[in-house]
Each structure stands twice: as structure tokens, then as C-alpha cells.
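For reference, chains read A, B, C, D and E in written order, and residue numbers begin at 1 within each chain.
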Amino acid sequence: MDITTIAGILLAIASILGGQALEGGHVGSIMQGTAAIIVFGGTIGAVMVAFPLKDFLRGLKLAKAAFSDKKVNLGALAKTIVELAGVAPRDGVLALESRLAGIEDPFLRKALQFIVDGVDAGVARGALQTTIDAEFEEMAVGAKVFESAGGFAPTVGILGAVLGLIHVMENLSDPSKLGGGIATAFVATVYGVGAANLLFLPMANKIKRKLVLERERKTLIAEGVLAIQEGLNPRVLEEKLAAYTGEHGGSEPAAAGKE
Amino acid sequence: MDITTIAGILLAIASILGGQALEGGHVGSIMQGTAAIIVFGGTIGAVMVAFPLKDFLRGLKLAKAAFSDKKVNLGALAKTIVELAGVAPRDGVLALESRLAGIEDPFLRKALQFIVDGVDAGVARGALQTTIDAEFEEMAVGAKVFESAGGFAPTVGILGAVLGLIHVMENLSDPSKLGGGIATAFVATVYGVGAANLLFLPMANKIKRKLVLERERKTLIAEGVLAIQEGLNPRVLEEKLAAYTGEHGGSEPAAAGKE
Amino acid sequence: MDITTIAGILLAIASILGGQALEGGHVGSIMQGTAAIIVFGGTIGAVMVAFPLKDFLRGLKLAKAAFSDKKVNLGALAKTIVELAGVAPRDGVLALESRLAGIEDPFLRKALQFIVDGVDAGVARGALQTTIDAEFEEMAVGAKVFESAGGFAPTVGILGAVLGLIHVMENLSDPSKLGGGIATAFVATVYGVGAANLLFLPMANKIKRKLVLERERKTLIAEGVLAIQEGLNPRVLEEKLAAYTGEHGGSEPAAAGKE
Amino acid sequence: MDITTIAGILLAIASILGGQALEGGHVGSIMQGTAAIIVFGGTIGAVMVAFPLKDFLRGLKLAKAAFSDKKVNLGALAKTIVELAGVAPRDGVLALESRLAGIEDPFLRKALQFIVDGVDAGVARGALQTTIDAEFEEMAVGAKVFESAGGFAPTVGILGAVLGLIHVMENLSDPSKLGGGIATAFVATVYGVGAANLLFLPMANKIKRKLVLERERKTLIAEGVLAIQEGLNPRVLEEKLAAYTGEHGGSEPAAAGKE
Amino acid sequence: MDITTIAGILLAIASILGGQALEGGHVGSIMQGTAAIIVFGGTIGAVMVAFPLKDFLRGLKLAKAAFSDKKVNLGALAKTIVELAGVAPRDGVLALESRLAGIEDPFLRKALQFIVDGVDAGVARGALQTTIDAEFEEMAVGAKVFESAGGFAPTVGILGAVLGLIHVMENLSDPSKLGGGIATAFVATVYGVGAANLLFLPMANKIKRKLVLERERKTLIAEGVLAIQEGLNPRVLEEKLAAYTGEHGGSEPAAAGKE
């Protein structure tokens, strides 16, 4: 459960509806089925035109990623890799193979499999890099589905508002309905701007950020395993991986040194 | 038939006109020949100024790409290439040549022809890469025709609205026509904003995405064929291509390993 | 004569003025000297501040490029280069020199001169690449003059409109002049938005596109001539250049092969 | 204390409220709790949805960076490094180690530790570069929290304004409340636009700029220490580092030359 | 004196105020101290928050660069370098040193000093490139101060307008003051939009362009001097530098050839 996503949506909605209520407006006046149909139907339609089916479905699936929270411990991961780096020179590649079954992370297992299979270092580096990039690009398209929805929603909202105003203009002869008609027209703007800025765009941002963090995690794995293959000293590998785990700058390198 | 393009357009139009009807507006009031002439004539004119004839026509042709759906099976393609990789070392380049006729994909055939002709690996890589990039750039200009239309349409719509308002302002003396005149003016905004956000921009996005997918497919072919030329082991090639076919991360590399 | 530029401008203006006329407005009401002075004077002034004199003049000269149409036959150019590639190994560099006079294209002649002069391949590549890039960058600044005008015109138009509205507001006491005053104010918006979206921005786009095509043509020349210098086989060179001439993908490479 | 941040905020607020007061408006009319709740609650909510908790908290911490002023003396830093470069060849690596304790800057100490530990130059360069890049990327996400707030605040402000206008429109029957209602609605716009343009966006810019300066400082350290490891002559190193310390172009290189 | 900057500002202001006067408005109605305080105070405040003091001051100093005109003769500079290239092989490095005093350009002198000092070619290239890049980046931040002012001014102007409108709305009961009040409110928009589009943004563009030209000039110097160090033939160097001096494409290379 990603607490900031849930709390953020609740806080935003509570602030806006609460503020609205405090000013004397009642929430009912911004609950309008037709405005919702125009804005959400139009936005979903535009997004469907904008993406192939596969990307559209991937986007829907990624929505979950904005709400779920996968704890990632880069420090522990680096420690596992450093520990594996000690296995290879001591006990040979076969010992590494026996460890494979106990590794949960599929990408780490896949990378280690390259060593066990004796795949050429250049080919392994290329394949791991391509896998990381291709997966990121692919997933990022899913995040773009939300970004795209955040781009279309306000303009569809304005479309709804203008259509409402046209309707109002045609009935200017009855001034008593004027205000209510304009109010109705404005609700479409509220829906479009609100959905884009409180939901679609922030969600797109959070999904993209999580994809970047996942790519960093995989890059740490790839660099670590390729260093094992090169036979890098575990202590030096530890230094190398520290750069990826966020223990930057302020860390006390003295603890690692003193050999 | 690209189902999301068709369904998306239908959904967007149905939602907006349906919502409009539910609010009591009749569709007739947003059907206006003159607004259509201003918005679409102005937009097409601006796009014609913006692009050379060749690009403009390519853009029109690419519109079809947004509606058609070419099934691409990267897995099967990778399998074909891996299978061809087994032919070369076993039966020699001549055997590869005899296979050429049976290959439907023109780019795969072209790439294999380089091996059969014994073209230098560096030259072949350069030529394939340049072909992929040049074709992508060229096609992407076609997609930009729609992006450009999506940029001009709303401003031309606003131009139409302002012109309409000027006309209204000059006839302020007859207030009974006021509302109707403003309504007419707003229709140009609806056409401009609507055409851009429900048609032009989403179509540009879908076309661009399809071009990216096609470039990925060709890159897979180029990398695969160049690896055949280098004499890469088919099993390692399979690993290498798996990175391009989207069978990332979660795949069980164990099945491919165990040597 | 670039037919799309001429036809596009005519179509856009005819559509907008025609639509305006069909709605009952008369063209005279949007013909206003003062609005034109504000918008075009202000825009030209802003563009002059934004660019050094040399760039500003280059931009004015480049305007012609948007209207003229230089036919470029990349296929014929590639053929000429391939034919020249056959001259060098057969008849020596002197034979190539005797051909120089007959070559019209100054860039091709310049590139060949490097071979004739026996300039080092690395230096020649560097000089040709720098020439192509520097010329493109320099010309692109000229295109940016129009892009910049397209950016300033609408805001200057809005400035004119607000100034007009201020004038109107000060004379609210005479309501009979109200509508006409507002109409006048709006004309500045029409001029600014119209000039930007029907003229400046599309022209900037067309000029930039033509510069890109010219850069591609020069890159083809450079790559071809450098390959001649390297002594690349004319048949392989033909393959290599085909990637630049737009005969991609669907071409039948079988015709070129079969050696 | 970053004086421009404090002075800038004070100047902006004083100018705007002072101008407002001079025009006869009283500050009280733009002090509205409900508008503040809508704008700040909505913005904070949107930002929370947009970022993982860790990034959000890092953003809050970075706010301090916009107000504090860390004096950085690149010249003195370069001098220290040049002086250390003289230690290594003269007294050996052990002498360098004895200096470590006296160095306050943790990044400089970390980099020197690599030399003392005898880490391979390629690995040291890679680790230092990765550390610099990773730290910058990580911190830049914190700056993006403010940039993001600056993007959401005006739209949430407009949302508040539209909601207020809807409320006003529903009460058109009581014209006496009209003006006050609209005024209230506009306050949300003032809060959203003001917070974004006087606080969030400028702060994001200042934080980013400080991160860039910090990255430059660390790059100077990394380049300097790696040059020590390579055994570069201290006098040449001085020249090299001068390029990073901002003593460019106009400096009198004669002083350093004349050997 | 940069004539386009002066002439551009005069033309823009004359066009707008002249047009305004022709429409019957008097300039006095857009002269308002309070609006100026709000817009310029708010903008300067926002820019101060956005930049460290050093960058802010550098921006103020760079303003001068938009108005001054430093004539740069790249052709003469290239000629000087080619002539110096003839000195080195003929008379040795010492002869080059004797020339140093006569060279006015500090960057050229600095680059030549590297040769005279016998600094390693790789180190010299690195130091010159770093100097050019670092100086450009540093100066570009100064240009961004204006770009930033151009971004904040219109929004602060709108802020002033909305504040003015709030004041107007609260005094709706006195309709006679309505128009004048709104007019006053609009003046802030005029100031914000005008200052940004006629001053800040065009000036930022001109400064940036001049920085790019200066970077090109320094790159020509660096490439030329490094080629002297490599011992490149003066005639080939002339060819090489011609690519930087803007004598591209259409130049008659025959004059340089014919060896």
C-alpha cells in the first residue's frame, strides 16, 4: 500500500470539497452525471485513439503500481551480490549454480545464469543492458497512458464547458436559468482539470519514478554480476556498489579501507 | 483494423454528443458549415505551409496506419532468426541463400542478403542501422503532420471564435441575436479543440508508437542477422534476442541454461 | 515555387475570410491599420531585440526558402557518387580531378577536392562533418527568427487587445460605442494569433524541414566521398548509399546481390 | 542564510501587497482561510500522489537548502588538491594516508581513500562518477517536488476559482453578493498563481542550481584526485583544475607558464 | 552598440504606444505606479528567490551584452592561427613564445601558452574544452536570469490584474468606477506581458545567441591551436578552420587545392 498515493488523494479531495463546503457551497452542485460522461468518456476515448491496445492495457495494469508499495532494500541486495562475489573464486562456478535456486529475484537469477552458462562477458553485458532498457521503455509507455489522460482531460473539460455555454447562450431569453446553466457548464472544467491534476498527472509521475527506481535496482544487479564475472575483488565490488545504494558522499570510507 | 482507434473515436464522440443531449442541447446546434470551413480550411492550410508536399502526402497516407493493425509476433521472428543461425555454420552461406526466397519480410531478406553477398560486417551494420534510422525519421515526419494539425486546430478555432465575437460585438444593438451569435462563435472553438484532442493529437501519438514498435522489430532483425554473420552460437543468440522480444525479467532463464 | 506554401496560405485565408463572410461579417471590419501597426511593429521589434542583426537578416532571406522549391534527386546523386567511385581505382586520382570541373554541386566538388588534394581521411571527415553541422546550425538560427516571431505575435496581439479594452473601459459611459470598441480590440488578437499560426510558425517549420533535407543530402555526399577515399567497392557503396536515398525496407536487395 | 531567497520573498510580497494597498485595496480581502485550504491542501495532496514518500520527505528537507548558504571556495579546494598532488610522489601513499584525518570534506576524503587503498584507476573513476551522478539524480528528484508543486498550485487555484464561481452562479438572484462572491473565488487564483510563481518555482530553481554547483565541486574533486592517482604533474594539474574554478578566459596564463 | 536591440525596443514601444494613440487612447492611462511596483517588484523578487546572488549579479551584468556589439572577425582569427601554425615548425616553440605578447585575445594566448609550456596534448584539449564548456554554462545561467524574469513577469502581471479585479468586485455598488477600476487592473497585465515579450525574453535570446557565437569562436581557437600542437600542415589547417568560419558549401575549394 503506497501511503502517499492514498493519503494524497484523500487530502486533495477533502481540502477541495471541505473548502467548498466552508464557503457555503454544497457538494451536490458539483455532482453531475452528464459532465462526468463527457469528460471521462471523451478522455478515455482520446487515450484509446492515442495508444495501441497492448499499451492501453499495460497502462491500466500499471495504475496498481501507483497504489502498491514494494519495499526495496538496495543495501541488502548489494550485500547479497558481494557475498556471491566471494563464492565464485573460492568454490568455482558450480558452487554459484547451486546457489541459484535459493535466489528469489528473477533478474538476479537470470544475470547469474549467464555466468553459470559461461556466456561471453560482452554478450552478457549487452543482453542485460538491452533487457533493462527495453523493459523500462515498455513500462514507461504505460506511464505515458496516464500522462496522456492528464493532457486530454482538461481540454475535454473545456470542450464540455463550451458546449454547455453554447446551450446556455441559446436560452438567454430565460435569465433565471442563466446562472444554473453556466454553473453546470463549469462542472465539466472542474472534472477535467481536477482529474488531470489530482489523479492522472500525479499518478503518471509516481509510476515513472517507481520505474526509474526499478531500473536503478536492475542496473545495480547487472553491474554487480558482471563484476563477479570479471573476477573483481569482493571488497572493491563493495565500494563500487556503494555508489548505487545511495550511501553517497557522507559515508565514512575509512571503515571500508585500512587494508 | 485497429480496434482501439475506432472504439476510441466512437466512445469520445458518443460521450460528448450524448452528454450534450442529456443536458438538453441538440446536436444540430453544433453543426455549422461555416465554423467547419474556418477551422478545417485554416488548419489544413497551415499544415500545408508547414510541410513540403512529400511530407504532407506521407502524413495523409500514414493516417491509415492509425486505423490498421499489423500483428507483429516478435517471438516467432526471433525463433526464425535463431533457426537461420543454425543453418549458416552447418550448411554454409549457400544454404542460407536458398532460404532467402522463402522469407516474406523484406527487411529480414535484405539483411540476410548482406551475409550471402559477403558484405563486410562493419559496412552491413552501418547500412542496416542507417536504413532503420532514416526510415524512422522519414516516417516520423509524417506523424508530425498530425501533431502539427493538432497544434494549429485549437488556435484556428479560437481565431474563428474571435472573428465570430467581433461580428457579434458589431451587432450589440440587437440583443435578441446576442446569445445565438456567441453560440455560433463558440462552435469554432469546439471544432478546433475537439479535432485536435480527439483526433489529430491521439492519432499522431498512435502513429508514432507504431513507428517505434516497427523500429524495435527491425532492430531485432538487424542485431540477429549481424550476430549470425559473427557466427554467434544459436543458443546464445536466443538469449540475446530474448531481451528484445519483451520476455524480460520474470522469464525463467533456467530453461535456456543447464549446459 | 513551393506549391504547398502558396496553396496553404491561400486556402487558410480563403477559408477564414470566406467563413467570416458566410456568417455575415464583412472583411472590412477586420482591416485595421492601428491593430496592424501594434501587432507587426511590436513583433518585429521583439524579434530584432531577440537576434543579432546578422541572424535577423538571414531569417529574412530564408523566408524565400519557404516559397521556393529546389528539386533534389537523391537517387541521381547517389548514382553519380557510385560512378565516381569507379573512376578512382581504375584511372587514379588525376582522372577524378579532371572530373571536378563537370560537377555542379559545390559541396560535392569541395568533398572530392579533399581526395584530389590527398588530405588525410580523418581530417577530411572532420572538416566535412563540421561544415555540415556549422551550416545547419547557422541556417537553423534563421528559421528560429520565424519561430520566435510566431511566439511573440500572439502575446503582442493580446497586448494590443488589452490596451484596446483599457480604452473601452475608460469610455464605458457611452455604451453605444462599447461593442465596436471591443471588436476593434479583438482585431489585434486576430492579427497576432493569425500571423503566428498561419504564417510564422508554419513557415519556420517548412524552412527547418528543408534544412534537415539539405543536411541529409550533404551527409550522403560526405559519406559517399569518404567511402571513395577509403576505396570501398562501388557495389557495396551503392548498398550503403541506398540507406540514405529513402529506398528502404521494401526494396528488393536481390537485384543488387547475386555476385 | 541565503540572502537573495529571503530578500526576494520579502520584496515580492511587499511589492504586491504594497501595490494592492496603494490602489486602495486592503490586505484583509485576500486573506481567506477556505481558499488557502483548497489551494494548499489540493497542491500538497497532488504532490503526495506524484512522489514516493522518500522523495516527498527529501523535497521537504531540501527546502532548507533554498534558504541556507554554504560558502564554496573552489579556488581553495583546487589549491588543497594541487598541494596533495605534491605529497604523493614525494612521500608516498602512506604520507597521503596520514593527511586523510585532517581533511574535512567527506567526498574528498572518500576519493583520496581510493588512492590509499590502491583501488584500480578505472574502478575508482567509475565509482566516483557513479556516486556524483546518483547523488545528483536523487537530490534533483527533491527539487522536482517543488517544481511539481509549482505546476499543480495554479491549476488547483483555478479549480478553486471555478468552484467559487459555480457557487456564485447558483446565487445570481442576489446581485448584492455577486461581487464579493466573485472576489472570494478569485482569491484562490491569487494563492495558486502566487505560491507557484513567488515560492515553489523559484525555490525549485534555486535548489537545482545549488545541486549543479555541488556537482561541479565534486567533479573538480574527482578529476583532481584521479589526476593525482595518474601521477599528473602538480603544475599541469593546477592548469587543469583552473578550468573548473571559474578562472576562465580572461585569466593571465602567463603567471602559470614561463617554465 | 547593438543596433537591433536599441532599434527593436524603440520600434516595439513606438508601434504599441503609437497604435494606442491612433485609436484615441492616451498614453497616460497606461502609466501607473502601483501596477509597476507590483509587476516589477514581484518579478525581481521571484528572480532573486530563483537564483543565487552570484548568478543574479551575473545576469544584471550580462544585460549590457544585449546592448553592446563586439565585432568578431572569424576569418581574420583563422588567418592568424594559420599564420602561427607556420611559425612553430619553422622557428621552433620559442619563436611561438615570442609571439605571445603580441596576441590580444586572452583565450588564444592561454591556448598557445599550453604549447609553449609543452603540456601534453590530451591534457591541453581537456583543459581547453572544460574551460569553454564551463564558461558557457556559467554565462548561460546569467541569460537564464532574463528568461526566468520573462517567465515570471506575465504571471505576476496576471496576479496584479486579479488583485485589481478583486478590488473592483468589492466596489460593484459604484458602477461609475467600474470601468476605470478594470482598466487599472488590466495595466498590470500590460506591464507583465509587455516586459516579458518586448524586453526579458528577447534579451535572454540575444544574450544566449551571443554566448553561442563566443563559444564557437573559442572552439575555433582551441581546434586551431591543438592542430598546431599536432603539427598539422598549415594548408590543411586552413581547410579545417574554414568549416568554422562560415565559409561553407558555396566556397570555391579549388582556390585552396591545386597542390
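Rule of thumb we're sticking to: a contact is a pair of C-beta atoms (placed from the backbone, for glycine too) under 8 Å apart; a residue touches a chain by one contact, two chains touch by 3 or more.
Remember, it's a predicted structure, so these values are computed and weren't measured experimentally.
Asks: Taking contact as defined at the start, I'd like the list of chains shared as neighbours by chain A and chain D.
Replies: Of all the chains present, none is in contact with both chain A and chain D.
Asks: Need the CA-centroid distance for the pair chain B / chain D, whole Å please.
Replies: The computed centroid separation for chain B versus chain D comes out at 39 Å.
Asks: When the C-alpha atoms of chain C and chain E are each averaged to a single point, how far apart are the two points in Å?
Replies: Result: the chain centres lie 24 Å from each other.
Asks: Can you tell me which residues of chain C touch two or more of the remaining chains?
Replies: There are none in chain C.
Asks: With touching defined as stated, please give the ring order of all chains, chain A first and chain D second.
Replies: Start: chain A; next: chain D; complete ring order: A, D, E, C, B.
Asks: So in the complex, the part of chain E that touches chain D is made up of which residues?
Replies: Where chain E meets chain D, its residues are 33-35, 37-38, 40-42, 44-53, 55-56, 100, 106-107, 109-110, 113-114, 116-120, 123, 126-128, 130-131, 134-135, 138, 141, 148, 152, 155-156, 158-160, 162-173, 184, 218.
Asks: Where on chain D does chain E make contact in their complex?
Replies: Against chain E, the touching part of chain D is residues 2-5, 7-16, 18-20, 22-25, 29-30, 66, 154, 176, 178-180, 182-183, 186-187, 189-190, 193-194, 196-199, 201-203, 205-206, 209-210, 213, 216, 232, 236, 239-240, 242-244, 246, 248-254, 256-257, 259.
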